[in-house]
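For reference, the structures are reproduced in the following blocks.
First chain A sits with chain B, and in the next complex the same chain sits with chain C.
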Partner chain A sequence: MNMSMKTRRGLFIAACLLPGLALFLLFKVYPTIQIFHKSLYLWTGVGDEPKFIGLKNFVDMFQDDVFLLALRNTGFLMLIVPVLTLLIALVNASMLTQSKLKERGFYRTVFFFPSILSFVVIAILWSFIYHPTMGFVNSGLELLGLGDWAMAWLGDQRTVLWALAVTLIWQAAGYYMVMYMAGIDGISPDLYEAASLDGASKIQQFFKITIPMLWEIIRVTIIFSINGVLTISFVIVSVMTAGGPDRHSEVVMTYLYGQAFTNSNFGYAMAIGVFIFIISLLLALISNKLTERGSH
Partner chain B sequence: MSSYSASLQSGKKSVGGSIGKLAVRVFLILQALIVVYPLLWNVIASLKTNAEVMASPWALPTSLNWDNYVRAFTTAKIGDYMLNSVLVVLMSMAVLLLTAIPTAYVLGRMRFRGRSFLTNFYMAGLFIGGVYVIVPLFIMMNDMSMLDNRFWLSAVYATNSLPFSVFLLTGFMKSIPHDFEEAAAIDGCGYFGTLFKVIMPMARPGIITLIVFSFFDFWNEYVLAMTFITDDAKKTIPIGLSNLMQIQQYATDWGSLFAGLVIVLVPTIVVYALLQKKLTQGMMLGGVKG
Partner chain C sequence: MKPKKWLTTVAASVVAVSVLAGCGSNNGSNEASPSASNPSSPSASSEGGKQFENMELNVAVFQGGYGREYWDQIAEEFMKDYPGTKINITASPKIAELVRPKIVAGNPPDFMYIAGSDNTPILSGLIKDNALTDLTDVFNEPAEEGGAPLKDKILPGVLESRSSSPYGDGKVYLAPYNFGVMGLWYNKTLFDEKGISVPKTWDEWFALSATAKENDRALFTYQGLYPGYLEEIIVPSIYSVGGQEALDQFYNLDPEFWKSDTFKQVWGILEKIANEDNALMKGTIALNHTQSQTSFMQGDAMFIPNGTWFEDEMKDAPREEGFQFGFLGAPAFSADKPAMAMTNVEQMVIPAKAKNPELAKEFLKYLYTDNSVKLNAEKSKAVLAVKGAADIAKEYISESMYNVYKAVDEGIVTVNGAFQSVAKGSKYNPSDEVFKPISSIMNKQMTVEEYGDKMYQIYTNIQNELKENGAQE
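And now, the complex of A and B:
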């Protein structure tokens, strides 16, 4: 009787765990092992026999001008977008919670909305917004008498990354704002009251109370946001610019994808995947270290 | 209350306060316009003729051109893509719930050897994004004839959401008092009976949060669907739309592209309106603590 109870319990545990584990091993663990393994091979095409070439793919990467350009573009977006997104989100969150406006719920609903839209819808919409003739950015500038400033925002290598950055910020700022609002709601109102009795201005309160109290949440959102840029930039770039003009908006993810599925350079593409994977882990660790309380 | 008590202190400050409040309002309204106007512009453009779209982005359409919507359904087959998306979302959700709930239950509430190893194993999965591993995944699915199949696409979606879902639900499972299982055992409930009849209702808030978040992830996914599905009849909405955009650059039927975008926006807006509270509450449960 005792034994059969134990067996039944064991069977139940196995029945609960196995389906999830099977999927996880098949679609997550196995491919992850594969990219590390096959990044050491020359492999060009599904039917091809992979040939071991050691670290050559990684050496090639740093002599590949297009890859280096894509890396620089990605770095630019990973720096600019999280900083501006989180800053806007923080300012809005503290304004909405501090000013006690009646329409606070309305703004929260509106600002959050872009973050649930399909990236493809956002990308298509913004390629029309920036469209040289049909878009309202240029014709808006003309209406304001700034017609000289009108340009092909996505077609000019000086502006294309900034234009993509604006789209990425538009998409994500509301999401982080809601996170921060939840955090600010958890801060005791007494702190703000005491500070304002001491004559601290709203701006001083923002730096002396809001930011320090939210610091743990801010740390998490920095990592979320950096990783978000990496994934979302793929969709935004492939729909809006396809890496153009002349590769000036190519990001590492679109380059990896093109190497794999256009050029059939599977080994090389996997080496790029390994590189990005390690870089994003390192970035998470570094930003975690840099934002630790002690060093702040 | 702080601005109120400050305004009691001196008249001067209250004038400054209301000017400040006005500035805040103007600032927020401007931002709301930046968020809403592109969407509104899209809706207006979806009712214009092609000539009107090209003429001026500010003008209103002279007559409501519903024809664009008809063409979006007939020529551009938005309806078919949408059906595929619904199917994929439902299958992904079913696979996710059937795997994540039992896993989280066992990891959260039962003691056995290997439990902490498995928990950490799933946590490591949080760091592996979908695109890094897309190449070996594609090759493996090609070898196993899983490509061009909506079920296997859904299984991949569910697997990608699994680590976070297990993480989120395990927390919920742990917070349920152990008395419930004891009571269920006394009532003669088996293990599965306890899980389905006692634990699942208790973990409902967590499960709903999970469903809401996964819905948007599954509905909007683009990269994997684009790579794993080649048959046009099986494509989901995001892929259908991006194809449509490429076609329209030559066919220049802008009106029906904008109509297509609106058709995709509508279910999102409806779900958002219904679940807005759940979603922003869920952010506090899952997002911040995740």
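And now, the complex of A and C:
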């Protein structure tokens, strides 16, 4: 044996990592480099030779009314959805772990269920829930005598983003709830006992014990949840509203797709992609910084 | 097992199975296994003694409501008549996605039939890139030995229109396939039973609003999420008011169109639909095509715009008792003008970088033979854009569909058109810009004036881009 144990082990580790690394480079790193590269070109994405135009795509982007609208819409969703999703997830997780309900397991399954459904299925399901005449929402309102409040939720620019937000929250809340439940299970019950002996109410315990102890997990889920909105919103918007009415539910991902494949304006779409990439990165860094705390 | 554990197991398996519920979709390409006859002679000659250097043809087709049997069969027939040739067919509902990487790699199929709103944008890309083969000579050649040129067989006006000749230079780059007729539909049974006469003008049409109310329905609905369907009443109306001149202004992206009377009159109709009582069915704006079409068939609205694919698309959908498809086209503006309808033609192309354009052109010619037209009618239940195709197809298509095509043959004036290409790199898509904001008009959140100003600006921008692009070339 010429090789030492250390070298052999090193080689073995390298051999195990190699396939994964190769796939990662090929399917993640290389396309990302291509996106950055092509964003500087004029290209239909179909036949011709790409033509270098420098940063013109980026300049055009910020003068594009539709893009700015899509940005506002996406921003709205990226703000509302994570906040409400995580709040609901935390509260539910706290209730389910603290209570002595026998049906805990059942509730956990039911809440978690939406997050494993295909996004297209969820979109079609909610399209029918919001259906102006046959859907649950409007039929329910009429049953309760509130028929005046029934409107075309997905067709009115004032309500469409909120309607989509509800769908996104419904999809994700269960997933994060289960994560938080696992986290809470890791908190020693002695803390809660001690607190209740000292006279702390359930709500005080929630804020003073549960949230701080879960903080690291919450930090991670904030980033996941914001990015999740970006990706999931594409399917939800495409199927439920096609970006309508009149672009008021257009999100950056659907606009990117439209420019790339319908308008054959690939370079421009790549520029939008670069912008999204940078924004996501910035948001992740910012939220990391803002939620940072000294180690304890 | 204890009950609690059993319950958990059941719940887990329900969850697991439901995950599989998402995996129902078919995957893209199926390669038809062609049976090449006469493999013995290496330099096989075909019918008519035609020789081809390359005997293999790669064909990509859209597989939609019309299915793929026609293509499989016509390929078999072709291979029999041209022994030694081999045709590989790739068919998919998402054919553009499948074909795109091949095109980008410079290795496109030899022949493509692209249809379906998800797929046709790739044709716009190819047109912008000048990446299609000129097919004019195929249509100038005789259809059969010593006969009249093929173009005489094609429905009049089709080869000259922008859907076949996109550059306006008289050269054909996209060959016509199935043709459809689009316009307003109504429930024929209702009209017959209640003695309602089919409206010939827009005034008569709006007057039916009261009749509609008596029959517990709104006057009109459309595919809310996809306001592009409204072109089926808008385009014929533009022609009806302003003639070909106005239609050309509209499609050629002339900003002055948005200051014209034609615009005001035609869009006035949309405004009226939005504002009049009982005119627009409640909730229309949020409905997709299936939902709105089902509502129409269940009797919630009296009219809906759609095309000749309507009956087949909704064949499994619920409908009110005795429902029968009646087609109206688009009403005229005054009693002296005829009713109109919009037509659309599906397209087939041969990419410029195809490896085997000669055989592809021969295959294209073959598709217009009488036998092929009949086979198409039988297998796709569709009508090819050739003269007399409706009669050839009569025994295979439904009565209502046949009546529509017959009406076109006998008197309804048809219009057709497509937007001029925008500059390469333009973020504008004229179809989106024109039709999407109509949702805001229907929601009463935008007036026709505001819309007109906005469109004038957009068309001006598009023209500026085209000028800049032209200057750079």
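Note that the second predicted complex is superposed on the first by the 269 of 296 C-alpha atoms of A that agree within 3 Å, B and C clash if a C-alpha of one lies under 4 Å from a C-alpha of the other, contacts with A are read in each partner's own complex, and residues count from 1 in each chain.
Please note the rule applied: a residue touches a chain if its C-beta (ideal position, glycine included) is under 8 Å from a C-beta of that chain, and two chains touch if they have at least 3 such contacts.
Predicted model, so just to flag it, every value in this text is computed and none were measured.
Taken together through their common chain A, the two structures put chain B and chain C in a clash. After overlaying the two complexes on the shared chain, residue contacts for A:V121 are found with chain B and with chain C alike.
Of the two partner chains, chain C is the only one that A:T44 touches; chain B does not reach it. With both structures placed on the common chain, the touch criterion links A:V178 to chain B but leaves chain C unconnected.
Once the two complexes are overlaid on the shared chain, A:D64 sits against chain C while remaining clear of chain B. Once chain A of one complex is fitted onto chain A of the other, the partner contacts of A:M95 are limited to chain B, with no touch recorded for chain C.
In the superposition on chain A, A:L285 makes contact with neither chain B nor chain C.
Of the two partner chains placed around the shared chain by superposition, chain B and chain C are both touched by A:F261.
A count of residues in chain A touched by chain B and by chain C gives the higher number to B.
Once chain A of one complex is fitted onto chain A of the other, the partner contacts of A:T133 extend to both chain B and chain C. In the superposition on chain A, A:L87 makes contact with neither chain B nor chain C. Only one of the chain C stretches 188-196, 224-232 or 314-322 carries C-alpha atoms that clash with chain B in the superposed arrangement, namely 314-322.
Contacts of chain A with chain B, set against its contacts with chain C after fitting on chain A, overlap at residues 46, 109, 113, 116-118, 120-121, 127, 133, 261. For chain A in complex with chain C, the residues that touch the partner chain are 42, 44-48, 53, 60, 64, 66-67, 105-106, 109, 113, 116-118, 120-121, 127, 130-133, 138, 152-157, 241-247, 258-259, 261-265, 267-268.
By the touch rule above, chain B contacts chain A in their complex via residues 1-3, 5-6, 20-21, 24-25, 27-28, 31-32, 34-36, 38-39, 41-42, 45, 53-54, 56-58, 95, 98-100, 102-103, 105-106, 110, 112, 118, 121-122, 125, 127-140, 142, 155-156, 158-160, 162-163, 166, 191-192, 195, 216, 219-220, 222-223, 227, 237-239, 241-242, 245, 254, 257, 261, 264-265, 268, 272, 276, 279-280, 283-284, 287-288, 290. On chain C, the positions that touch chain A within their shared complex are 4, 7-8, 11, 15, 18-19, 21-22, 96, 100, 103-104, 121-122, 124-126, 128-129, 131, 224-227, 282-288, 291, 295, 300, 351-353, 424-429, 432, 436-440, 443, 445-446.
Taken in their complex, chain A has these residues touching chain B: 8-10, 12-13, 15-17, 19-21, 23-24, 26-32, 34-35, 38, 46, 92, 95-96, 98-101, 107-114, 116-121, 123-129, 133-136, 139, 143, 170, 174-175, 178-179, 182-183, 189, 192-193, 195-197, 202, 217, 220, 227, 230-231, 234-235, 239, 253, 256-257, 260-261, 266, 269-270, 273-274, 276-277, 280-281, 284.
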